[in-house]
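One chain, chain A, appears in both complexes that follow, with chain B as partner in the first and chain C in the second.
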Partner chain A sequence: MYRVNLFQLLQIVSAILIALIIGLIIIFVVSEEPFRAAYYLLFGPLTRIHRSIEWIHMTIPIIFTGLAVSLVFQAKQFNIGAEGQFLVGAAGATFVALHFPPIGGLHILIIALAAMAGGTLWGAVPGLLKARFAANELVSSLMMNFIGFFLALYLVNHYFRDVQAGFMVSYRFPLTAWLPDLTIRPRLHSGIILAVIAVGLIWYFLYRTKWGYEIRMVGMNLKFAEFGGINVQRVVFYVQALSGGVAGLAGAVELMGVHHRFLWTSMPGLGFDGIIVAILARNHPLGLLFAALFIGYLRTAARLMERRTDVAAEVTIIMQAVVILLVTAEAFLQHWQRRRKEREALLDG
Partner chain B sequence: MDPYILMRNITKVYPNGIAAIKGVDFSVEKGEIHGLIGENGAGKTTLMKILFGMERPTAGTISVAGQTVKMTSPHTAIKMKLGMVQQHFMLVPTFTVAENLVLGMEPKQGITFLLQRAIELTEDLSRQYGLPVPPRAITSDLSVGLQQRVEILKILLRKAECLIFDEPTSVLTPLETKELFCAMQRLATEGKVIIFITHKLREVKEIADRITILRNGKRVAVCKAADVSEQDITRMMVGEAKIPAPVKRTTVSGPSVLSVRGLTCQRKDGHIAVCNLSFDVAAGEILAIAGIMGNGQTELVEALTGLYPCLTGTITVNGEDVSTASPRRIRLCGLSHIPADRMGRGIAAPGSITDNLIIDRYFKAEFSRHSIFGLRKKQIRQHGEILRQRFNIKAPTAMMPVQLLSGGNMQRVVIAREFTAAANLMIADQPTQGIDIASTLDVRQRLLDDRNAGKAILLISADLSEILQLADRIVVLYNGEITAHFSTPAEITTEELGYYMLGAAQQAGPEIEQAA
Partner chain C sequence: MADILQAVLNVGFAFAIIRITTPIAFAALGAIITDLAGTINIALEGIMLQAAFWGVFVSAITQNVWLGLAAGVLSGLSLAAILGYLNLHLKADLIIAGIALNILAAGSTVFFLYVLAGDRGVSVSLRSLVLPSIVLPVIAEIPAIGAIISGHHILTYVAILAVFVLHYLLYKTPFGLRLRAVGEHPVAAQSVGISTVKIKFIALLLSGLLASLGGLFISMGYVSWFSRDMIAGRGFIGLIAAAVAGRSAWRTLGGALIFGTAEALTFVLPIWGIASELTNMFPYVITLIALTIWGRKRIRSGKRQIDNTSGDRKF
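Let's look at the complex of A and B:
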């Protein structure tokens, strides 16, 4: 069992290396100052404290959305609706942040709960449709993204909009709705702690509770779960709802930690990033932490590179695509693994 | 003269790391019927798949008619005049026999398919080899025996000199088996090479000229069939003398545990698969359901276990009406279930042995604290470890994923779970299918022990000798209906059962009603 994991690790590491090489080749082809660009791509986020903090901030929401998506993937269901759940969660958070009496401590908690409720609601819809009517959750969760996004825009535009600001943004949250900071200047908010706690909780949920067991068994073999007496429909429903809740929480953390107001006028894509890290981490909560850090690093480095050199940030999208392709390509490096197994099997006699 | 088929030092390691065969030599002469025998998992099918180009050997060479060949695909094999009758027929069910026969080499004029020509071809070929088939019939309407005949003709049409039969009798009735053997003998006298894969001793003794015995992926013997006794072969197959003795029936059955009345099941496509069944299984007895596969057994079991809703009728387990109950509810009423579809239903292959062993009990207080406080990890691990040892599941630890186990050990995981379930009714659906002799004997003994301990057991099996050895009562299922009921199995023969299974005979109503 451990050997297999080692193999998967090797697969991921070599996928990343190949992507890196491709990224560098592109940089050297397109750039006037390839060494500077490569430097920022490789080491950018490590060069200044505030850049490292930017990296962490970039990583936090991806951890949450990655957790959300991986929960559903564990049950071999699909969820590409984390984006919408994230936005509805953020809208719910904005509502409570602006309309709930600002009581220190309690305020943050209520905001988080409101965001989770919004996300849960949004996740429950595809879950219910799948469980009850066998509607393809891939399609329904995707569609829910648009409904969620425009609902959030509508709410912000009509109820929370700060008309004094030059853009379509909500009013600023009161200070009681700000996540406490870990460092002052440059500022690092405490969302990272919440994210790590969430990783632990989800891990415990998946591997140590009966609901997690049910989810995993449904994912491994649905017919077996059914045979063993698990109510598969119920699992399909609650895993989607729960996933929505986690994605919704990501919206609240992002607003309370970084922006302190609702400011998106296009989809931020953090829900989709969740899919990428879930795939990279093979849906394991602990692996997810590292996958999110990796994607966050790539994003931060890309932004820096774009700001400082003549290379566009999209180069990293190509790299990301290469990594995903290689990680999901089952046959990649399998030849090597098979040869080793053949040798071992023959040695066993 | 060199043998017609010569395989030297063949080794095959599957991607999952299991060495299916190791350094096997195998040869067949022209005009010979060669039995390839061994327990399930001994490597028979793998060896033949390699010969037929369906699998690539990890090492070793193959030569056909003195010519060394690299079998890269079944196409190469067919070009080398080999043909294989698979266990699962490769026929298009909606085509006519003639269409199936010429598939891929259709007689054509321009782009027009000449059906009449295909029918003539079929008739000629039938006559030539004495294997009559109805050329215009739709294939799915034919009996299994006739479909197999179409398979054979299909191969002969492609000018095969060597025919490989993979467990050809497992789906046939005794009568059909006899006909098949006649055909095989006729083909052999015409100089064809016949390879006959089986694990049935009697058949190999009856028909084969020579036999090759495989055990555990290695060749243990090649001998003339006439020179060895069935006991000798068994010994070589199993490695030690373990010959099943007939079982003495000692128990008297008690109150009814499972009671089925007027059960009718409909498949998703609207076909009535099970029609108006009524029977009882009492505590302390084994009721066996005999029948050729596909006569409603699957649907019956799915209905009884709550996996698929029944159309009408009632099912009662331990006095509780479970006709519309969920699988969990039925299990809680006292049912355990060994499913026929091991990979599909019986296990979650990527999961650990431990996880696979608790699917029906993880929520019970023994293994689970209240709600969010999680599962009792220590108890679950212990439970897995204990069962692994008690049921002799060959794995270094119970944390190993089930997919790394061999088929027999996977079945042991299922057996371990279902025999330790808190249940007094067991539905054992093909419990010994595809596992080796030692495991088979173990499972049968456990079934008998449980019966003697007062459990009610419903046994569904395609293996008639298993049914005759274990059953206290037998019902025959044909076309979704009970066509016979025997309360004294000792007095019937496999031939007699075969008639009922084939639908050639049917008992009168009153006799069948005794099943209930």
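Let's look at the complex of A and C:
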């Protein structure tokens, strides 16, 4: 099923190391206090308990968006629409949180469902356009990002806006719409449990159900899947819709767990983190957990570094891009792999 | 209705369409070169953004607009070269590498804007320059037409010139023939001694050059500053414009004009009292619709089936 490939692991580890070195070089070139900045970048999230909790909070939405993206990648389809699905999901969650009678327990469930419905709808569009019209899903999902972003802004600005807040945010959610906390001070919300459950469910779905099998088959060999009687059009559609639902749920968890009101006026970039995580984990749900922890760590460290020193957080975006570029470069380190294979062949002989 | 018609049927609106089409046309022309060479440059968006930033920054520092232009083009070319190297030598997935470079450009521009100028997201403290506009002699005197065609930004005229040059380059020169051969049938091209790697690399560089000019137009003409993510999908819209238009520089310009018109309309629609968030969606909705119609047409003609991303793929 899935064996850890030593070479792939080495490739990922060296990609991360190279990115780290590049990040540190940039810091030492631009910063007046490079050692402090490097310290926060490398160890920041571990230095205080509340910072570690910030790390976990940061990781939660990335796990969801990573799962969403990897589902679609498993079918070798593209999806850069998690960002828009996340925002539409969050807007749907905001609507239900503010307009549904606050009944404890039930409220959270319905908010989650509303967010999933919004995300599913947003994911279904590229899926449908691809399945029915062979419209390229890479571009359509990107266009849906912009449309979803403006839709969410429109809804918040015209229907949910708290005019007394001074900046563009929605009204605060009632307490029944808050996820329960696991620890009180510092506060850790229960979204991490939901995220781990989601990882388990998606793993089961992909590797133990007929639907998941169909998705993987379409990804592995489309022609073969077709000959085997799999309805490729249907798979292409439902994998995108399902993925949208997962990304939408991320929006609800983020709002119910952390912010308790809709507050984004620019794209939060969590959908793009999902792409990075999916590539790093090679689309495997369990690997995703670790990849998300890594990217979450980087993001938290970057924020801390930005707050405490003169280095902007975007240095980590540069590092993330370097990681993907190196991980996707097949020939990177291949020389090493070839030599090893030659040696093995000699030994076998 | 009358007020909308009045807003649309006038000289200013036609002028605006040409202005707004310029960056999309640059991106689309870049896309058509790579399309003909059988490759694809997803990083057009990032290249435009990168060029937009370095153009603004260098022009502000040197107070020389041409140095700014050169810096923007160089920065865009270097990104295209990275994409070419990664894809052609290190065998990186073309699409994923392109996405990564877009992320790289989005992050690095914001980062360097903060490091070099101390600005957060918008270049407020940089006194950057804009490239000049040109009043065409004689043509400017013609009523109506003069007001539409003359007085544009220099890069707008470069874009129009680029259509002629590209048409000639792609269809009338040995290089163009080789490039199309590589795109149509790489194995055959290779068998007669054409280096597919070299041709694809050049195609990517040329697309990078054109996209850079599109990005520079936005930050040094359309507006006179840099702000984060200011390209706002125009690189991708250019890709679609080229795909919808088909394999000709002229038709590509036509495709770009459709999307330019759609974007120009977003400035007119608020007259009807439509919220700005909704009019902002308009160009993206149009792109989505165009993509759908085009895909449907291709299915009917039997050219296109549902694919997955293993192997080379095209739009």
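In the analysis below, the second predicted complex is superposed on the first by the 340 of 349 C-alpha atoms of A that agree within 3 Å, B and C clash if a C-alpha of one lies under 4 Å from a C-alpha of the other, contacts with A are read in each partner's own complex, and residues count from 1 in each chain.
Throughout what follows, a residue touches a chain if its C-beta (ideal position, glycine included) is under 8 Å from a C-beta of that chain, and two chains touch if they have at least 3 such contacts.
Quantities reported herein were computed from a predicted structural model and do not represent experimental measurements.
> Once the two structures are overlaid on chain A, check if chain B and chain C clash or fit side by side.
fit
> Looking at A:153, would you say it contacts chain B, chain C, both, or neither? Reply first, second, both or neither.
second
> Which of the two partners, first being chain B and second being chain C, lies in contact with A:80: first, second, both, or neither?
A:80: touches chain C, not chain B.
> Under the stated touch criterion, which partner chain does A:110 make contact with: chain B (first), chain C (second), both, or neither?
Touch partners of A:110: none, neither chain B nor chain C.
> Should A:293 be classified as contacting the first partner (chain B), the second (chain C), both, or neither?
neither
> Write the angle, vertex at the C-alpha centre of chain A, between the C-alpha centres of chain B and chain C, to the nearest 10 degrees.
Approximately 70 degrees at the chain A centre.
> Chain B or chain C: which reaches more residues on chain A?
C
> Is A:129 touching anything from chain B or chain C once the two structures are fitted on A? First, second, both or neither.
In the superposition, A:129 touches chain C alone.
> Taking the superposition as given, does A:329 touch the first partner, chain B, the second, chain C, both, or neither?
second
> In the superposition described above, what is the shortest C-alpha distance between chain B and chain C in Å? Please give a whole number.
In the combined three-chain model, chain B comes within 5 Å of chain C at the C-alpha level.
> Please output the residues of chain A touching chain B within their complex, sorted ascending.
Residue list for chain A touching chain B: 1, 204, 208-210, 213, 216-217, 220-221, 223-231, 334, 338, 341-342, 344-346, 348.
> Name, in rising order, each residue of chain B that touches chain A in their complex.
11, 13, 15-19, 22, 58, 305, 307, 326-328, 331, 337, 339, 341, 344-352, 355, 358-360, 362-363, 368, 372, 374-375, 377, 399-401
> Which of the residues in chain C come into contact with chain A in the complex?
Residue list for chain C touching chain A: 42, 82, 86, 89-93, 95-97, 99-101, 103-104, 106-108, 110-111, 114-115, 229, 232-233, 236, 239-240, 243, 275, 277-278, 280-281, 284-285, 287-288, 291-296, 298-299, 304-310, 315.
> Going by the contact rule set out above, which residues of chain A touch chain C in the complex?
Its residues touching chain C are 26, 30, 75-78, 80, 125, 129-131, 133-136, 138-140, 142-144, 146-147, 150-151, 153-154, 157-158, 218-219, 222, 232-233, 236, 266, 272, 275-276, 279, 311-312, 314-318, 320-322, 324-325, 328-332.
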